[in-house]
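Below you'll find a set of structures to go through.
Here come two complexes built around chain A, the first alongside chain B, the second alongside chain C.
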Partner chain A sequence: MTLDWHVIWEYRSDLLQGFVLTLQLSLVAIAGASLLGTLVGCLRASGGFLARRLTALYVELLRNIPIVVKLFLAHFILGIDALPAGIAALILHQSAYVADVTAAGLRSVPSGQADAALALGLSRRRSFSLVVLPQAARAMIPPLTTQYTQIVKNSSVVMLVALQELTFMTQRVEHETFRGLEAATTATILYAALALAIAAAMASVERALERRAA
Partner chain B sequence: MTAAALQQAHRAPATRAQERLWRLLLLAALLGVVWSARDLRWAEVWASAGFLLSGLATSGMLALAAISLGALAAVPLALARMHAPAGLRHAVVMLIELVRATPELLVIFWLFFALPAVTGKAVSGWTAAVAALGLIAAAHLAEVVRAGIVTVPKGQWDAALAVGLNPRQALFHVVLPQALRNMLPALIAQLVSLFKATSLAYVVGVIEFFRAVSIVNNAVFAPYALYLTLAAVYLLCCGLLTWCVRRLDPDYLLAS
Partner chain C sequence: MTSLLCRRVLCLVIALGVGAAASFAASPGLARSTLDVIRERGKLLAGVRFDAPPNGYVSPQGEIVGFGPDLARELARHLGVELELVQVTSKNRIPLLQSGQIDADIGTTTPTKTRDEVVDFSYVYVVDPTLILVRKGDSTDPADYFDSERRVGALQGSFYVGLWRQHSPAARILEYQELPELVVALAQGKVDVVPTMRSQAFGILEALGERAEGLAVGEAFFEDVMAIGLRENDSDWRDWVNWALQRLWAEGIYQALYKKHYRMDPPFALGDAGRLQPGVDKIAQERDPW
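So, the complex of A and B:
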């Protein structure tokens, strides 16, 4: 088995371009899934009966269908363009998991905390945003880190509708030079670097939350 | 969203009337879907039922093969991560973390390229897919096994030995059953995740359920009926397994 790393240098601009698209897709999907997921999660934990049941249905429907299936439904059945379909599939898919994380985070804050805040004279809105939410947020950081890494990983499926992200580029290298192993190894390292970057960013968010709480 | 609403949610469980109303709503929604789908080209789906079922069986077997392989490999990986000397331990940690950070799709491609390079001959898509999903399962389950062993209190060991069991009996009759009980939700959750990931195996030519549906659709063009079936089947299979996870541990957070 001989490896030829020159091919990586030759295809550096393609791989870089793919990496940038992966990064962009991931950031947009992280923002979207966080917003949507948090909203659904709050309703899931503390809405009325109907809101709780509807959000539970939302989570189960979106979580139990593979992301490729959602992507193909959006692109080939509904006829949405590849890029918006990919972003929508990524956001909808992961928002279900983020909703679960949010709901669990809110449930993990003892109800006495909100009672105490209300007893001290805080308004309902302030006791939620100043007392309950910050505590929930700290509990949410580790599972959210997992979910954000998952978004980066899942962004690779959009290559199946011909979006030229990092995994797509490894296939281009394979088709043109039969050096897929080298390209896939390089891509793996880049994905791992992204996962590390997310872990580091989330760790600093966690520290900031701790400082605010202290 | 207010704290009061939050409290209310904590304190007021759903009444029986609400529960009944919800079931009625769900039933109505389901009937609505069935009613609006009545004129789709179901005859074409039915005519290919055998082929679709064999695709589904392939998906199921792929997931089961991967989780068996993963579970077998996970135990030594977990033990190595906990007890091996530093060099081996770091290597194992790096392997686990690298696999967990890599997209499933890329792991499949990677093994599809790497296995022939190692063995010297071409491998089938099935072999590459089983190896890739097995590797993914092993990396995730190694963490599950580690957590499962750690959560059995040390007192359980001591007590088992104190009542006269030998270490082997203590392991098999006291510690492992408890560890397995702790691991069960995570194990089923991993199976759900793997079953969904089998839909990616078509990229190396495996005709699993997702690919089978596409093939039938290319032949008879009944996209709505076929893709509705596709979504419903995944929903049913994964939903049932997820329901088992919920029953075992209501607070379990599914990761993927």
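So, the complex of A and C:
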């Protein structure tokens, strides 16, 4: 079997367009899932009885519903347009996992740290934001990196609602040229590049947190 | 964290290297005809649709029925081998054929130049008008939708994407992965029109039953032809399939099966310029089982 890589050059604008949409979806979903997941995780770790029960229900429900089902509910049942529905599905899906990571990270900080901060005269809010959260954040970086990489991979689900992201464009190349190996290899490289960029960015954040703590 | 990153990069490089090496490894070409392979194997691997009535679908009793499966049964019978029906879709039919996992794609494939560069085709064996599905009350004239303002729905990889662009280069086409989502998108107003083949349009309305009240079948604007997909450069197998189609036509079996499933006589004449090849009904050689 001979390979024909020039088809990738012919379809470069389609593949680039798909990559840009994947990148946009991933960045927006990472930001949204981080905000929502961190809020839910904080409530789960530190909130009152009702807050902990409600957030536990939120996490269990969203983790156990496949992202495809969330997407179909948003787009075909609730009638939300394809792009917002895709972003909402990605954010809701991954926020549950981010909430779990956040709660675990907060619980990993010894309770004595918060007690000591309070004893030194810091308010509850300042002891949480200045003492507990930075320590928890260092522990959260590796699992959060994994979650963000998941968002990149899950972003391909939006092609089910006719959004033309990277996997969609890869399939277009294959359908029109039957050069599946070349198309799949190109998509692999692009997805891997995106995932490695996220890993590198998170590694930088981890080093910055470590320097700050030192 | 840095060592984790390095490990990930190393894994990626190894994976790409293995993939590249595999791609350059010599793969065996088509040494023998598929006809000989089938006879030696004792089984015909026929790719058919499970989701495209009346060409190929699963009956309520769980049987694989339709014009394609029935034709495959006739071919297997005359080859004197068993039959295995393999599900094909728009996405996998060509790769399955190229990889040898099916011997023939007896589905709903339209011969196009691009496809003909990688596989071969038999005589046209189905002619199905292409018409439009619209919402009830909307125009049923396809020409009213050939403008860039209308949203067109189609399945990704289907023939209709390119066909519609020929009529309307600036059309906004939303490509879905599966037919149910496409039909729901039309019903919900996410697309304005769906080009599809006549048999599929009526099949969709029949499957929807009362829920089809909001949909309507428009006029035809193209005649879609379909042919049996075969592996590239396998002339012995292609010749046999073409002779088989002509012999079934000469015996009247072809027309009976067509009418049974498409509910109409074939709107075309099989063969070269609509004529069967002279002597096609004669069994010539041992390698031509019938």
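Convention: the second predicted complex is superposed on the first by the 214 of 214 C-alpha atoms of A that agree within 3 Å, B and C clash if a C-alpha of one lies under 4 Å from a C-alpha of the other, contacts with A are read in each partner's own complex, and residues count from 1 in each chain.
Going forward, contacts are C-beta pairs under 8 Å (C-beta built on N, C-alpha and C of every residue); 3 or more make two chains touch, one makes a residue touch a chain.
Here the structure is a predicted model, which is why all the values come from computation and not from measurement.
Once the two complexes are laid over each other on the shared chain, residue contacts for A:206 go to chain C alone; chain B is not touched. When the two structures are aligned on the shared chain, A:169 is found in touch with neither chain B nor chain C. Of the two partner chains placed by superposition, only chain C is touched by A:79; chain B is not.
Contacts of A:192 after superposition: both chain B and chain C are touched. Of the two partner chains placed by the overlay, chain B and chain C both lie in contact with A:181.
Of the two partner chains placed by superposition, only chain B is touched by A:118; chain C is not. By the touch criterion stated above, A:64 is placed in contact with chain B alone, chain C being left untouched.
By the touch criterion defined above, A:160 reaches both chain B and chain C. Touched residues of chain A were counted for both chain B and chain C, and B has more of them. In the superposition on chain A, A:143 makes contact with chain B only, while chain C stays out of contact range. Annotation: chain A residues 1, 76, 159-160, 171, 180-181, 185, 188, 192, 195-196 touch chain B in one complex and chain C in the other. Those residues of chain A whose C-beta lies close enough to touch chain B in the complex are 1, 42-43, 45-50, 52-53, 57, 60-61, 63-69, 72-73, 76-77, 97, 100-101, 104, 106-107, 111, 114-115, 117-118, 124-125, 127-128, 131-132, 143, 146-147, 149-150, 152-157, 159-160, 167, 170-171, 174, 180-181, 184-185, 187-188, 191-192, 194-196.
Remark: chain B residues 1-11, 14, 18, 22, 26, 97-98, 100-106, 109-110, 112-114, 117-118, 192, 196-197, 199-200, 203, 210, 214, 223-224, 227, 230-231, 234-235, 237-239, 242, 251, 253-256 touch chain A in the complex.
Those residues of chain A that touch chain C in the complex are listed here as 1, 3, 76, 79, 82, 141-142, 159-162, 164, 168, 171-172, 175-178, 180-181, 185, 188-189, 192, 195-196, 199-200, 202-203, 206-207. Residue ranges on chain C touching chain A, taken from their complex, read 1-2, 4-5, 8-9, 12, 15-16, 19, 23-24, 27, 90-91, 94-95, 98, 114-115, 117-118, 153, 156-157, 174-178, 181, 184-185, 188, 190.
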